[in-house]
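Here chain A shows up in two complexes: once beside chain B, once beside chain C.
Right, the complex of A and B next:
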């Protein structure tokens, strides 16, 4: 009986489009991170599909997660969220207490369903917490180099800037590395990611220099520290982040400047990449082509344009490509659970998985 | 300065003596001024003085309510740390004591909890149980298992708190630990009579253990010496650190090796010369060194005293560098006597292993946001005596006492708990200090 039930639940989840929900969540709130959007999407799934048993719920979650991961070109960030959600559910169910096996399964369900907003709020609060921890890193008269559009970095820098004029005034400068690749392909002249933060900082009186990615090595001599954001923090303490972060890390190491990563702890993901090309992402950054290949591709493009996009695996657009920064390049991770060394990440992960 | 210590030079010895006779407030002021005037220096002396003072503070404290005790220790601790922020061991000892009080308060609370649970089967499971996976064991009511449980919780709780905190039930956010005594189901407050008094006694005992640890730390570290020093090795060391000396002496009882000793001019060279030659120093800080006044040379070890400038030249012949330290920071970096960084760098260039020996009490949870602020500057006349008056006018003389050595220059830390990689130190930090005490 339960199998048929699970079957209908799966069918229900098909009718409810988790991918669209996920994308909508990301679009509607610019402050939301990928893991949180994934958790939210799963909460929505649970609301739409009434399930009363534990295994049914877990099965439904697993299916929806797999579907979501398949449909999103870069599932690293969101898998941190879905894993956390699943682990939380399982660990809570195994524990005694009101929400445990002895208690009512409905209790935990209602807790999860009714507190979606709360999770988002906590996620945003964790950014504030990080800013408070990281505040100590920005000293008077220092120059910070950063890149990308990380909201955690932005909030950290803005927090430091806010204190200007206050009793603990810090005067610091920012070198912002702007990506040459525009985020929007249809609008190549659109402003690069991060300009919003640049404007906000400038409005607060912080001198900001914007440089292209090619000028990083040149600018590092004037820099005291590098602070970057991350899309996911992997098991060995390395980070998956916007394309270009790895080279900044390498340069920082070569020049001997500290390289800090700002990331919320819900971005810790159970992944152990062995190198750049070991990420579970389809991205064709290095794409060898001859003249024939280009001609063929053109032809195929026209065909698919007529037929419409088939069931091909989704590729990551070049502007959204990511790279992997190995842990030995990272001085410290500034997270909402404190300033961690890269090796402390695995421990946090082990704690929730085993 | 109280009259009792007038006869003595102010320092650790006189302070400990005066502690017995003076009222607490005077003792606190006394230690603050000693720290400020740098009449107590060296990590261990500072740690010992702080531990004794805190024991005194706790023992005369009228209350036995853990919350009030914590508050009292915090206020005293803040004043001591403010007096000499660069002596990080002072803060470390205060944090250890705070952790002790919290542990005892928790145990007390747990026992209380176990009692009430045993009393009524229908006891609703409160956030504590929710917080703590280990309490799912049916042994919950067994007092013995609860004790172990408490110890386990100490390590497991913070992390559980950290990653799941995003999703957890709102109630679970109140850690019962941070508010001992306030969260009692069915209104049973821990009785502050008999049980409370016990807390104080346990805390005093715990501080006694810390003091014992401070006394034994060098011997414990030395017990690892034979694993690290092999026959016919050439060891390079620096300064007159007691920990390093004991370490080497221990190895020298069994093995023959060569020690190259950099003299660490200008701040420590006299003590270093004395250490090498075995002439006793009339420094009360080194009272404990009497036990091994027999220097390395007496044990048949070849000791070569070199100026600091020769470190790089000799490094290619050295098998191992063993360094003492002033304090160790949470990221694996360390603050040690000036000249240490040069040695560590030279060792790195020659791929020579660098071993740092340090008691756990020197391990500080402080993250070096700005390590320049950790470095203390000393008496410039040691570099350029004031007799050279005309030069003094024209040049700026600086004498930094400490160096910051980044974690990547160190290969191994040997503490009284064993050998650790620098990247593992965060774990020891989180085992020894409570999260809530890191910035008390």
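Right, the complex of A and C next:
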């Protein structure tokens, strides 16, 4: 990843590149989510950089978080993790007793690090929990429409498919919306996101139909429910997720089909977008161009190619763009702390933060 | 003069019932009883006959009784009456006269409901005060309260400090009148002013012998509170602040020396104001200002200090946006805001609420202040707010127009509001009548200013002219066609203060604890309790 290397110099954490660690974590473990990778990266930072006081630790944490957020094109997901970790640190440090401000700092540090790891392990288990909660939603004979490459959705569907007592205890069908945009730009021939899940489900005997995004409205008539994943769950109970989810939500609402979101509770972000364009990221999805603009851009591209990749701001590739699905389109959120209505999300968030 | 006896009765229920409240609130310690003995007598003898009342009243509220016999002597006498009081007196006399005339005309007892007006269900059961006086004074006066809101009328706002208990601190006396006249207006301002007045009460308080501060001060404060609530019904913020203060008082160890206890309480009040209002406002303004973006057209309604602060701080961050202030009669609270924002260099458009569809057309965001947020996520705010929120949300493409409420958590209440009828506040309908000069734009902003000259004129008229009826017509015919609305039997005026905005029309509530959806109000309220 070329962009992250550029940021290395700015890293305050001596000789330790949190961004590289973060990306490495995401790449090495296909099961890891962005917030968890962020937390794990922060734990790594703390282990690598010996800090001796509380304020030093917090300062280090803040700096690395800011650096990480700056260097990643879409920091919404990971900011859930960093916020959570920071909050956890502060509450632990404020707690009276041995591990509080009065205690031995070394003890606090080791405690923090071990607990941070525990936290990561728990978060990985949460997907199983979600699957257990959500399994009841999928019943015999129903058809589920889903999209994107959410691992939480995949594990939920697979759990429903391999109920013990048969190859497929719940007989259901899946309509998988494959995004034309989510194809890897570097290798356009590559398969769209989600094909892996499709294959896995088919192997378990679940009939899967794959449709393009343009056929969603057409296919909704044959659908009983929609289940989607999310990159982040925001304070009002809406979700930030893969581009195209919003329109599925709108269509589901219009046609009156339930729209469920599957998300781990560590994806809850302290963020309150008021609409599609109020997200804290730069996206150039709607990009107006005339013929002149295109020509100019081509010229500029050539120039930058010659000069080399300068210090240009990180931009979200089109394939990774996200949209915001407002809470009134969502029937329920299936999380590891239970099945929540959108309005219960803020309650959960407030519980974490105060 | 035949009017005088009637007059005595019209005034009496007001004062007597005020006292009944005063005495009813506290379980009086002994010292209090001796102090307020005459009042209690007056209260106990209130009901039977008018003659008794007149006698009992003598030592309680001398002003009304003497003034009825001879208005001018009183005005020149030992206690100069406020213009507002004179006006009220004149009105009462007028009402009494009218009632007499009507009685003479119609005679019968059946006249109560049917013939008088086109608003048949308007009168009988809803106004307990008037009915109570009705037994001594035939129910001839037409009921001018609007039926649906009948339960809200209660007793009219206090117009004078006469009759206030002697326990009431001068600072509180003054504050009461300021609240009444909207000099102190807006729920945060009212809360702060009340707390500051109470701080002075506490500072000048000494615990009577034989009782402890933590027990007696609460009673002492409740006299002040009762007085304030007769001037204008208490706001939710005032209620919340008072509850917190009382809790702080009762949690004081009785063995604490009085001085240090008082110091603790004063500190508590200062902290409360700072944490819940001053700093909270700064936090809210900072976080709400982040939601303002370049090119926004921000619509706001009436004058909310916190919205003003938000817009000013957004302007300070050099964001380029336009503000459209929608205002309404009779308080014109938006004028202050328009002036302040325009002075700060913002682009301001000012219109009244009837121009709302025009003002809302190019809105991109709506910022609203709050009087209170109820536990079902609804916004209880100045009347007209719901209309603005709805206009924004229901217009074409309005789903994309976020409605943002800026509100301190001290305004949260555990009450639930389903409509704006059950809980509301009714102000004097005469506020709707007074005319505004046509050329005024953002100049003179004090909402009571225009009515003041009227009052003064009325006061003079009352003392000079013997006939109150002619006075009324003299006074106001030139200013407003509605000036004689009380004489018009088919006409009722409604001056309601608040309305309730459904939660669906509110996207976000910005509080000092963060931004919330309206559904999170009860959770936060539970936590801040």
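We take it that the second predicted complex is superposed on the first by the 321 of 354 C-alpha atoms of A that agree within 3 Å, B and C clash if a C-alpha of one lies under 4 Å from a C-alpha of the other, contacts with A are read in each partner's own complex, and residues count from 1 in each chain.
Throughout what follows, contacts are C-beta pairs under 8 Å (C-beta built on N, C-alpha and C of every residue); 3 or more make two chains touch, one makes a residue touch a chain.
Just so we're clear, the structure is a prediction, and the values are computed from it rather than from any experiment.
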Combined model on chain A where chain B meets chain C, clash or fit: fit
Chain B versus chain C as contact partner of A:347, first or second or both or neither: both
First (chain B), second (chain C), both or neither touched by A:122: first
Chain A residues touched - chain C or chain B, whichever exceeds: B
Which superposed partner A:30 touches (first chain B, second chain C, both, neither): neither
First, second, both or neither for A:266, with chain B first and chain C second: first
Partner chain(s) touched by A:339 [first = chain B, second = chain C, both, neither]: first
Which of chain B and chain C A:235 touches, first, second, both or neither: second
Computed vertex angle (chain A) for partners chain B and chain C, CA, steps of 10°: 50
Contacts of A:139 with chain B and chain C, given as first, second, both or neither: first
Minimum C-alpha spacing, chains overlaid - chain B and chain C, in Å: 5
Contacts on chain A seen with chain B and repeated with chain C across the two complexes: 343, 347
Residue ranges of chain A touching chain B (in the complex, touch as defined): 39, 84-85, 87-88, 91-92, 94-100, 102, 111-112, 115, 118-119, 122-123, 126, 136-137, 139, 265-266, 268, 331-332, 336-344, 347-349, 351-352
Complex contact set, residues of chain C against chain A: 291, 365, 400, 402, 404, 507-508, 513-517, 519-520, 523-524, 527
In the complex, chain B residues that touch chain A: 124-126, 129-130, 133, 135-136, 156, 158-170, 330-332, 367, 369-370, 423-424, 426-427, 435, 438
Residue ranges of chain A in contact with chain C within the complex: 235-237, 270, 272, 274-275, 278, 327, 343, 346-347, 350, 353-354
